[in-house]
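Just below is one structure, and these are the notes that go with it.
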Amino acid sequence: AAPTVINYGGSAWLGHYSAYIAMKTGMMGKYGIDLRWQAFATSSSRMAAVMAGNVDIAGTGVVSALALMASGAKQFQMIATPNNFGKAEGMLVRDGVKSLNELKGKKIGVTYASSSHVLLLDVLAQAGIDPDKDVSIINLPSTELLTAYRANQIDAAVAWTPTFNRIRALPGTRILLDDSAFSLYKSYKMSPGPDVLLVRSVFGKENPAAVKGFLQAIFEANAFMTQKPEEAAKILMELTSLTMEEQLSTIKQTEWFSQADQKALMENPGNFVIGLQKLAEMLLKLKQIDFVPQVRQWVNATYL
Amino acid sequence: MAAVKTSTAAGDAMISIRGVSKSFGALKVLDQVNLEVARGEFLVLLGASGCGKSTLLNLVSGFERATVGSVHVNNREVRDVDPACGMVFQQYALFPWKTVRQNVEFGLKMRGVSRTERAKTAQHYIEMVGLRGFEDSFPNALSGGMKQRVSIARVLANDPDVMLFDEPFAALDAMTRQVLQEQLLSIYEKSGKTIIFITHSIDEALMLSTRMIVMGAKPGRVVQDITNDLPHPRAAEVQLSPRYIELKKSIWETVQVEVMKGLEHAK
Amino acid sequence: MAAVKTSTAAGDAMISIRGVSKSFGALKVLDQVNLEVARGEFLVLLGASGCGKSTLLNLVSGFERATVGSVHVNNREVRDVDPACGMVFQQYALFPWKTVRQNVEFGLKMRGVSRTERAKTAQHYIEMVGLRGFEDSFPNALSGGMKQRVSIARVLANDPDVMLFDEPFAALDAMTRQVLQEQLLSIYEKSGKTIIFITHSIDEALMLSTRMIVMGAKPGRVVQDITNDLPHPRAAEVQLSPRYIELKKSIWETVQVEVMKGLEHAK
Amino acid sequence: MAEKKEWLRGSALLTLSAVSLLAFLMLWELICRAGVVDTVFLPAPSQVLARAIRMWDQHSLIANIAASARRVMVGFLAAVVVSIPLGIMLGTSKVARAVFDPILSFLRPLPSMSWIPLTLLWFGITETQKYSIVFMGAVTPALLYVIEATQGIDPILIRAARNLGANRWQVMREVILPGCMPQILSGMKVILGLSWTCVISAELVAAKEGLGFMIMNGKEFFQTDTVVLGMVLISFTVLITDVVFRLIQRSVLSWQR
Amino acid sequence: MAEKKEWLRGSALLTLSAVSLLAFLMLWELICRAGVVDTVFLPAPSQVLARAIRMWDQHSLIANIAASARRVMVGFLAAVVVSIPLGIMLGTSKVARAVFDPILSFLRPLPSMSWIPLTLLWFGITETQKYSIVFMGAVTPALLYVIEATQGIDPILIRAARNLGANRWQVMREVILPGCMPQILSGMKVILGLSWTCVISAELVAAKEGLGFMIMNGKEFFQTDTVVLGMVLISFTVLITDVVFRLIQRSVLSWQR
């Protein structure tokens, strides 16, 4: 039979490594899937494409997904979480800076409505720093962060890979904190914007086999990245334009979930889902969304 | 106003204006105008600027509706714009995107006359006004006098019973004007149409009309109604005849009284 | 052209136009024009449309430069726009954003005359043209005749030696025109200025001028030069005098020949 | 009688507009309520209103409008201040126009957004950068308006002024400047609208308030009600500035009627 | 002699423009070469040229221009097709105008970019979405141009036509449509320029080629030469469409001269 076409929405973020590897190494083909890659600069435009029916399966940072749930959209379902990262996102500062308190009165650049934004607001709250008065937060798209940081227009940047790596590579720069400083990370191993895979509800209903096959391929790719990181890095460099060294460390820092991990995360006992619910509550507190969705209603683990 | 005489019986009147008043907002422009124009008459309207001459013409052509009273043309009340009254505008009002021929053909085209027939009719009138050779020119390439002749040909081709002229020659130089006056007279004599013609020039009125109406201002009404009995053809010499001078003087006096009433703060 | 007579000796000429030709691109508009205008003369220029009357005036006022020949005003060659020749434009050319008073004061202001003095002068000329009470009106609130009077007052206030009029009354109705003609004559008689005045109306020429020039077209040149010896004051009756009729006839004939040369394909 | 009819007609048209607006809003509301379209795709007017009330309570509504309005005003006024003298110069001198023509032809078609990268490099993430985007988007069209206005002055007025003894500088001040005021003013109204377009570009980067930010941030959170509210507020603000402009025109150009 | 002078003056002005352009480019190049500004902030013209040659060799130059041009054309033509009949209708009927007025007042001030969120939801990341952004940015100004053009027709021409026996439909076809053609055409030239502005917004999201994509992508990779090249190409394309438009105008409006 002809392979099932799946339009996938991705980007250079590590959350999409699995799908990219699976596509490039023929793993998708093995499960009868013709994966068509569509690149998006932001999660929200990728989600909009899902809503409009242009994309069948997308990987996304969960903030965007929670925002869409908060506005009541039922057009998609959450089917898996491919990884857990903690070192690929964080706050970068110049060498002299040792603690958050030293950033008082300084400029911190971050992309609004991103997981980094959530991380920043959370760590500021933990340190008792008022985000409106004590520091000045600058809203910058991820590419602008690098320019602004390099041109000394901001004193700190909160970013995710690959911008994160690029800034970190600048001389005289250090990581002040990463996702492990996030309050929910400590209790739920929940980063501020874990990656999830979404399927368009209609597509999932009509092509359950293809979705299952897709997930199979993802987990195969995850195993590949865990076992042969060097080979994976070579493939991924054309997606991310990172150096071999950076690419390799990004892969190694990340925990690539296997199929076996999934059930436990998603359904039983579903720690991941519980963590997401907590995250949604936090987003409300941080005034990022104005309604807390019941996350479980969007979870569909039947394709696993 | 009591002095107004009606020179024709109501029966053979081509145009009859009965008790017409017209106001724009609070401004009363025409007040109780009564006027009968006989079939085949060449009526010239004179009067100071702003006395309502154009307004009267617009009522006859149907562009405006009377506030009080009624206007009949050919015994039918005027209720909408009616092609039976062809208007020649002071500003020519040619369609600039149409050639001379297309302009002259316009009315026929609107009535669905066939292409060949309307070309023939148009050619006839274009030649009548002396514009052979300019059939395919656009109006912008013509001088003022030529444009005015196209405009006359256009109305003639549409063959209306009545032709209305609103100061058609005002913007032309004296010489072109004279030539066009002569052409208009010869067309009038041949076609026997009924004509109402507005002008500021008493000489023009005397040269063209069979009858002259002087209007007064504020509000506009008929103050003088004179039959022009000067002999035809009215060549330049007629201007030196005693009757011409007598008529001119009489109109001039009426007009002067009216103008003086209206002139602002003049010395 | 050989018939051109020069009515004044070169010595007391206010304006002298010597061997002037003017071309626009390939179009030769004026050809070898020679003309002397004496101090205090009221010269009227007549001629068919397009024969170069305005161009001649523009050469005198300095708006255009002659292609060949020279123009002297008051024995100084005209090389740039010169306030010594005040121009009254057909289109009035009032500054619409200035009141009547500010318009009349304009020339004085440009010369740096003090505020009180220019107000006094302006008031004098505003009253002279009969516009007392309209000092603070904007031009848009005035009728055509009133605008033309402001334009005349503006030039008078600037006290030029020469006044140039380019068909100033063409757009006015016959009656307003008559009033303004009389005012202009009385100003001329009082002030003794030198005037060149363009018109299309032979009657206007006869009523105003001390001397008349008829121009021919293609290219423009002087074809007739007549001294107007009609007695003053020239009231309406003068139009009926034999001398008036004789002069009119003579000009009319010249003009007609010239116009016929120029008229396009007329019947 | 006639005047009564006129008046009636004027007020009838106004009523018609109001009825049409109401009908439009009600239809929109109904479509959303009936579930014909998902409110994620198109929020109901009532939702937009609710969002407006919420933002009002949080004091962010006025703050957003004020932030954008300030950027528009600074950029727009800078463009006006530059374009009027420069435009009059270019409008009156053929030589100056020939010199500037290539540069103007290059600058004219550039969308304000295309200036984001360069201005960011030049001015950093300051407000100046945002002003400069509005400025760049407004200044060339403003210049073209002024040039056109200058050239539209009846040359006979210039002749008349020269004939009355005005020198070139006096002609510029007394004739050209007041003479092109009407067109400049009506052009500036258009440019002001255009400046609002540019402010959206300006707020794409490094903004945390403003109507452009509101729309783009609303987009990130799939709050279409915020998006539509931002759009309504832009329309509303532009309408108000239009009215203000018309008042200015009427008072400055009293001589026109 | 006079004509020779005229001609000389015309060509002298052209030469002046060319010299000015060259001087401008040389100054720019010198500033960059001398290191007065960092070429990361402002690339030298020679760098831009080099980038152009490289992209030409990679066939991406034409592809980018073509992609944007296609989007502009589709959106622009759709706007024209909608706005001409609708505009004539609104221009001739007071009632229709009253009905549409509130909606138009709302739509008119909205920058094309503000349509990104909604169109993205409605059409997704398709080309339709990009066309719709250009369309939304172009259609209201186009409509306003057509309405104004329709109202600008000398009423005496309409009277003349009616007086010659034309009915309302004939008046529309024979007088109003041809009569507003000149303004419509010159308006459309402006709208076409505007459409180019909109295409940059359209290519902000989910585009893989186009001049807007080129500028934004160049920015991401700190290739200011690509950014400036994109800007130059926009100017260039708009200039060419301007020339094409002028030719169309000249042939359609032959009656004007």
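By written order: A, B, C, D and E. Residues from 1 in each chain.
Quick note on the criterion: a residue touches a chain if its C-beta (ideal position, glycine included) is under 8 Å from a C-beta of that chain, and two chains touch if they have at least 3 such contacts.
The model shown is predicted, which means the values in this text are computed figures rather than measured ones.
*Asks:* Which interface, named by its two chains, has the most contact pairs?
*Replies:* Pair with the most C-beta pairs in contact: D-E.
*Asks:* By mean C-alpha coordinates, which chain is most distant from chain C?
*Replies:* A
*Asks:* Suppose each chain is reduced to the average of its Cα coordinates; what separation in Å results between chain A and chain E?
*Replies:* 40
*Asks:* Any idea how many Å lie between the Cα centroids of chain B and chain E?
*Replies:* 48
*Asks:* Which whole number of Å gives the spacing of the CA centres of chain A and chain B?
*Replies:* 84
*Asks:* Residues of chain A that touch two or more other chains: which are they?
*Replies:* 42, 48, 51, 147
*Asks:* At which residue positions does chain E touch at least two other chains?
*Replies:* 117, 120-122, 219, in rising order.
*Asks:* Among the residues of chain B, which are close enough to touch at least two other chains?
*Replies:* Not one residue of chain B touches more than one other chain, so the list is empty.
*Asks:* Which chain E residues qualify as touching chain A in the complex?
*Replies:* Those in contact with chain A are residues 117, 120-126, 129, 205-206, 208, 219-220, 222.
*Asks:* Using the touch definition up top, name the residues of chain B that touch chain E in the complex.
*Replies:* Answer in residue numbers: 61, 63, 81, 83, 85-87, 89, 91, 93, 95-98, 106-107, 109-111, 138-140, 154-155, 158.
*Asks:* For the complex, give me every residue of chain B touching chain C.
*Replies:* 48-49, 130-134, 143-146, 173-176, 179, 183, 200-202, 236, 240, 245, 252, 255-256, 259, 263-267
*Asks:* Mind listing the chain A positions that touch chain D in their complex?
*Replies:* So the residues of chain A touching chain D come out as 42, 44, 47-48, 51, 64, 67-68, 70-73, 75, 109, 112-113, 137-141, 144, 147-148, 151, 153-154, 288-290.
*Asks:* Going by the contact rule set out above, which residues of chain D touch chain E in the complex?
*Replies:* On the chain D side, the touching residues are 9, 13-14, 16-18, 20-21, 24, 40-42, 94-95, 97-103, 105-114, 116-118, 121-122, 193, 196-198, 200-201, 204, 212, 215-216, 218-219, 224, 227-228, 230-232, 234-235, 237-239.
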